[in-house]
Structure formats: C-alpha cells, structure tokens
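In the two complexes below, subunit A is the common chain; its partner is subunit B in one and subunit C in the other.
After this line comes the complex of A and B, so read on.
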C-alpha cells in the first residue's frame, strides 16, 4: 500500500475551511468554557451550600459520562424539548458546557492551592473581598492553573473531532468526506492525524513557553 | 421504556465495561514496554517510544480509530470491527499509561535506591523489590483515572459499528424515536460505571497506602 496525499491536497480550499471551523470552535469553546468554569468554581466557593451541592452535581454528571452522549442528548434530544439547534451551535454549546465542568475543577483546585496565609495577610492589611480576589487570588491562581488550562485546551482540540459525528463541517468531517469521494480514505485519515498531531504539538510548545515566561512570577508554595 | 429494552441497554453497558477492561489491560502491558523503552539509555529505543507517545496522545482517538479501522483491511488484515476498536483503544491508552508509569518511576525516592545499592541489591532486585512496587503504587491513582477516561472514550467505538452502550442507545432511539430517553439512560449507566470505578479506585488507594518516603 502506498500513500498518496495529492488527491486530498488538491481540495485545499475545503481543507482550509474545515481547519478554520475546527480552530474557531476550539478557541471560542475554550474561552467560554473556561469563563463558565470559573463562574462555577467561584459560585461553589463563595455561594451558599445548596448552590455548591447543585453545582457539584452538574460537574460530576458532566465529568461522569462521555462527551458523545452529551452531544447526542443536546443535538438529537434537544428538539423534543423545543431546542432545535443547527450542528455548529449545538457543537459549540455542547463543547462549552462539557469544558466548563473540567475547567471548574481546575479553578477549584487553584482556589484551594493559594496559601491561606496570603489571604489572611491581605485581610490583615485591610483589603476588601474583591481586592483580595483581584490582587491576591487571581494572580496567584493564574500561575497555578496555567499548565492545567493548557492541558485542557489541548484535550479540547482533540474533542472537536467528535463534532464531525453530528455533521459539524470541521476538519475531520471535511477531510473524511474528501477521502471517501476520492476513494482514498486511509490516506485522508493519515493526513488528518498529522494535522492534529502538528496542531497539538504547537499548542503544547506554546503552552510550555508561556509557562516559562510567567514562571518568574511564581511564588513559593509552602 | 419496556424492561426488554432496558435489558438490552444493560447488556450493552456490560459490553462497554468488558471492552474497556480488555483495552486497559492490553494498554497497560504495551504501556510498560513503551515506558521501559523511553527510560532506556539507548536512543534507538527511546526515540521511537517518544514518537509513539507523542502521536497517540496528539491525535484524537476518533481519528485513530477511523485510521486503524480502515488501514487494517487496506494492508490485507481483515479483522472484525470490534478487534480494530480494541486495538485502537489499547494503543491510545498505552501512550497515556506509559507517561503515567514514567512519572511513577521517576518519583521513586533516590535515597531508597542508594540504600539498596549500599546493601548490595542487584539492579534487577532493585527493580523487582523497590522501583516497580513503589512506581506502581504511585501510578495507581493515574491508572484509575485512565480507566475512567477509557470507559468514556469507548463511546467513540460506536462509530466503527461496535454495538456498545452508545451505539445501542443510538439504535434504540432511532427505532423508537425517543432519543431523549435512551441517551439519558445511557448517560446514567456511564455515570454509574464511572462512579463505581472511581469509588473502587479510592478504596484500593486506601488499602495500598503506606507512609511515603
């Protein structure tokens, strides 16, 4: 068997449009997911106890079953409760909600890892609650959670491939379709695997560089 | 939902558990070999191991599965789709488990090995008596985590036509036109399975815990 990527590369405009969909859905879902996850973590920390239980249930349910099932529930089950979504919005919403659960756990651990003494010291010098959050907790947390956030973002790139199953026209769907059309499915999948591999390695590298750059702000965790 | 249909779902959930368990065990075996290769001094061993780990961790499982499922027949190996699926899951988890094991081996306290040297244990004895037991114990939480990830990831083998829990839910919701019900039941079953494994893992961790150097 020999691989021939020519037939697939010919369809470059289609591939680029698929790549574009993959990238923007990934970026938007990562940012929204992180924002939602942060709200969940903050609400669990500062909200009343019943809210904490409710959100814990939300997080555990999302973390306890496959993304594909959640996506199917939203996309195929949604219309039965009046939620009729096109593939792209369904994929974006599904991925965001899925990501929020994992991000919230990262931020929860981040909140807990900031040394108590730092918060107490801030209270002693009379900083208000929001000042403590802005000046102490957030900057220190950022350093702690950055590696895990990069890791999660990388996991999310790979999860975007699953959106092809509900016909979101992202990279996997587009290249798969080209492969079937050209009777070169294996070649197409090889090329696709390499695309993802490169994408993931680039992100990993960027993440490590960002960490190295920011590491001078790291404080000693006791 | 009639009891008959629920029984089908339960059966499919069992299939999901069995396939995941097989993949985890095969993956652990391959992962150990890959980890050993990666830790080896010879670059002829460590470079292929690095590439293996990077590839299988860098490519979405769905793409790996589609690749393996279509590649095998193309190079003249025809196997049932369930075998291709298990191969895909095993290779993917092997890469992650190799990294987890490497972390475990690297965090074996150096003092213990120095002490072992002092009392004259051979490298093989050190591996058998000290490094492997400690590394495996340190890796246990990551292994449980990986098992849960694979249980969830196994839903993707539905796309190559293996009738496990997700595929069964898909089939039943298509034939009864009640996706909300069947996907919820599937989600509930995944939850029960994952929570059980997590609980079992926490228990195993407590039982094997000793004071750490």
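After this line comes the complex of A and C, so read on.
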C-alpha cells in the first residue's frame, strides 16, 4: 500500500467537501443533541412522574441498540409512517436524537453532582426555580460535565461515518468512493483513519483548554 | 435596618401582633418527622429582635433541623413559625388546621431571613462580588452598577473588599464564609441564621468569622446561631437555647443556662467540650 499524493491533490475539492459535511453535521448534531439532552434531563427531574417514565423509556431504547439500526429505521422506515427525509436531514436528525439520549444521562448525573447546598443557598436568597436552573445549576453543571461532554463529542465524530450508509456525502462516503473508483480502497481507509484521528485530537485539545479555563470555577475545599 | 420590602408591614387582616413589638421569630409547637423518626418534638422558642440567640445541644438533637425549618428549607410537620408576626409557609386557624400560603407569600416572608451554612455554599462560578450581587440583580431587579456598589459595601463590612474579583476557589475557608455572610447581608434581612458557621474551618480561621459575627451582634442585628463554640455562645449570646433529643430543655440568659446549678443534661453535654478546653471560657 502506498499513498498516492498526486491522487489526493487531484481529488482535493471532493475530499474537502466531504470533510466539511462531516464537520458541520458533527458540530450541529452535538449542539442540538446536548440541548435536547439537557431538556430531557430537566424534564425528567422537574416534570411529573409519567413524563419521567416516558423519557426514561426514550433514553433506554436509544441506548439499547446500535446507531446504524436507528438510522436505517429512520431513513428506510420513516416513509412507512409518512416521514420521507433526504439523506442529510435524516442523518442530522438521527444523530441528534441518538446523542440526546447519552447527553441526557450526562446531565442527569450533572444535576445530582451539584451540591444541594448551592441550590439551598439560592432558595434562601429568593431565586425562583427557573432562575436557579439558569443561574446556578446550568453553569455549575457545565463545569462538572464538560469532560464527559467532550468524550461524547468524540464518540459522535466517529459515528458520523455511519451516515455514509444512507448516502450522506460526508468524509467516509466521499473518500471511500474515490478509493473504490481508483482501486485504492485501503489507502482511502487509511487516509480516513488519519482524518478522524486528527479531528478527535483537535476536539480533545479544545476540551482540555476549556477545562483549564474553567478550573478556577471548581469547588473549593468545602 | 431599613428595607424597601413591602412585605414588612403585617397584613391588614393579620391577627398577629404589630411587627414593632413582635419577636423576630416565634416558633410555636413545631414538630418535624422524617419518615418514622420524630426529630423535633414540639418546640416553643422566641427569638428576640436585635439580640443574639445561640442554639446549642448534642449532635443529632435537631438544631440544624430547627434552623432549616425557620429558613423554610424544611417544612415543619406541626406547629407554626412567625417572622415578626407574619406566618412562614403555613397559616394556622384557631382549630389547628394548617393551610399552605401562596408561593409569593412564602418567598416574600422568606426573603426577610438570611442563612449562613456550615459549608459556605458559595456559587463557584461567580466571583465574591458576583455571589453577593446575584440576588440583588436576579430577584430584586437592581441595576448591575447599583447592585455592585451595594455588594462592595457588604464585602467591606466583612473586610473583604479587596477580594471582590476572586472566585471562591481562590479564597480561604474563612474568607469564603465571610463572603457568604456578606451575601446574606446584601438583602438586608431582619434576621440572620447561622448553622455552625465555623465547624468546617481550620481552627486558626474560626476567629475571623466569629469576629464578623461579633460585630454584627454589636450592631443590633438579630442573630440565631447554631454553634458548638460554647465560648462564643457564652460571651456573645444574649439568649441561650439548649436542645436535647428534639426538645427545648433550657432557654434563658447565659447566666441562667450555664450558671450553677446546671441541668444534668447540659452538664453532661458541656463535659464533652471540657476536653477541648472550650468550657473553660465560661
């Protein structure tokens, strides 16, 4: 196996467009997934008991089977219930929903990790429930769950490769296709491995930087 | 102390005595059970306004629970608590029927009480000044600048104006507790509750916190302090309440409570502190 750099440069526009699709779907699905996950966690904590059970089921189902199957069900099964989606929206929605289940579990643990006393102190000075959620729980939790969120984002960037199966023109599909056409499939996979790894390292580095920035907000001795 | 809180005037239809003459806190027949355990067994306690009352007692006697009921962090299962004559949380009819008051009413009565915790409970993502100003801005809807001026005034009251921009993790335990006191003071409470404010501090840091409390007591603020610092209770406390197994056994001036002859339960309790040398301060 020898990487043909001439070929890589020749196909650069396609490769870049695949990289771009991977990046934006990843970022948008991570953000939306985290937001949805937060809402799920908050609803489970503050909502009525039946809502908690319903959302628990939602989380359990999504965590209980592979993303690939979920994506197939959404993309190929959707039309049976009148849900006809293009590949990119299907991929984005599927990844967001999948991510929300994991993010909701991260935030649920985060809620519990904020010391009760911090909430009680807020109650004592008269903050309302929603003010406590916004001003105390959300920011404190963010610091506590940041490492797990970065970890989840890293898992998600690798899951985006699965979107190639429903023909989302992301990195794996584009580079894989080039590799097949040029009879250099293994080279293409090798290149992909490097690309994903670089993205993961960048994400990890950004996460560590953010953590370092937030470290002074950590709890003191108490 | 002046306050702009409109809730200070008692309700027109309130049968309670006028605020000026009512005690800061009146606890009547308060009971609290957690599941099957009866933690408070009918407490009657009057906290006089403008004075320092110290609540002492063995571990597990229910001191924190009583204080948390007064802060409405726990809901008493029996009895009533009034703040300057205004009922807290529940109104009790003549026939003993308790009805829950509206959330707005609960919040407004509660906002007249400041609470200082053993664990400080500062919000770690806000600076010292941010902690002090938070409720002024979010709850009292004060302008940021005005709130900060007021916050700085409170921080200087506890001697920490030079630490305003520090985060809790950058402060010592004693400083954190003083910020927590400033945070409670910023809302101009009518009464300050302390739950063992120095218990989680290194011994060399307790002095700075106790000094701030002494100053507050001297300024005529109403303090209700749960403490194991018997020396502090005996010298600063104008009224001592001794709680044992969920009952208020003794309540009086330090002389009445600590003087001979001592109640056998109190004597037994104080003995455990003799080892630490605290009782020698009496």
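Simple rule for what comes next: the second predicted complex is superposed on the first by the 214 of 222 C-alpha atoms of A that agree within 3 Å, B and C clash if a C-alpha of one lies under 4 Å from a C-alpha of the other, contacts with A are read in each partner's own complex, and residues count from 1 in each chain.
In this section, a contact is a pair of C-beta atoms (placed from the backbone, for glycine too) under 8 Å apart; a residue touches a chain by one contact, two chains touch by 3 or more.
In this text the structure is predicted, and so the values were computed from the model without any measurement.
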{"item": "Subunit B versus subunit C as contact partner of A:19, first or second or both or neither", "value": "neither"}
{"item": "Partner, of subunit C and subunit B, that touches more residues belonging to subunit A", "value": "B"}
{"item": "Touching partner for A:54 - first (subunit B), second (subunit C), both, neither", "value": "neither"}
{"item": "Touching partner for A:131 - first (subunit B), second (subunit C), both, neither", "value": "second"}
{"item": "Partner chain(s) touched by A:109 [first = subunit B, second = subunit C, both, neither]", "value": "neither"}
{"item": "Touched partner set for A:70, first subunit B, second subunit C, both or neither", "value": "first"}
{"item": "Partner chain(s) touched by A:36 [first = subunit B, second = subunit C, both, neither]", "value": "neither"}
{"item": "Common interface residues of subunit A - those touching subunit B in one complex and subunit C in the other", "value": "none"}
{"item": "List of subunit C residues in touch with subunit A within their complex", "value": "71, 73, 107, 110-111, 113-115, 117, 119-125, 134-135, 138-139, 167-171, 173, 176, 180, 183-184, 187, 200"}
{"item": "Of all residues in subunit A, those that touch subunit B in their complex", "value": "1, 60-61, 63-70, 72-73, 76-77, 80-81, 157-162, 164-165, 172, 176, 185-186, 189-190, 192-193, 196-197, 200-201"}
{"item": "Residue ranges of subunit B in contact with subunit A within the complex", "value": "54-55, 57-64, 66-67, 70-71, 74-75, 152-156, 158-159, 166, 169-170, 173, 178-180, 183-184, 186-187, 190-191, 194-195"}
{"item": "Residues of subunit A touching subunit C in the complex", "value": "115, 117-118, 120-128, 131, 135-136, 139-140, 143, 216-222"}
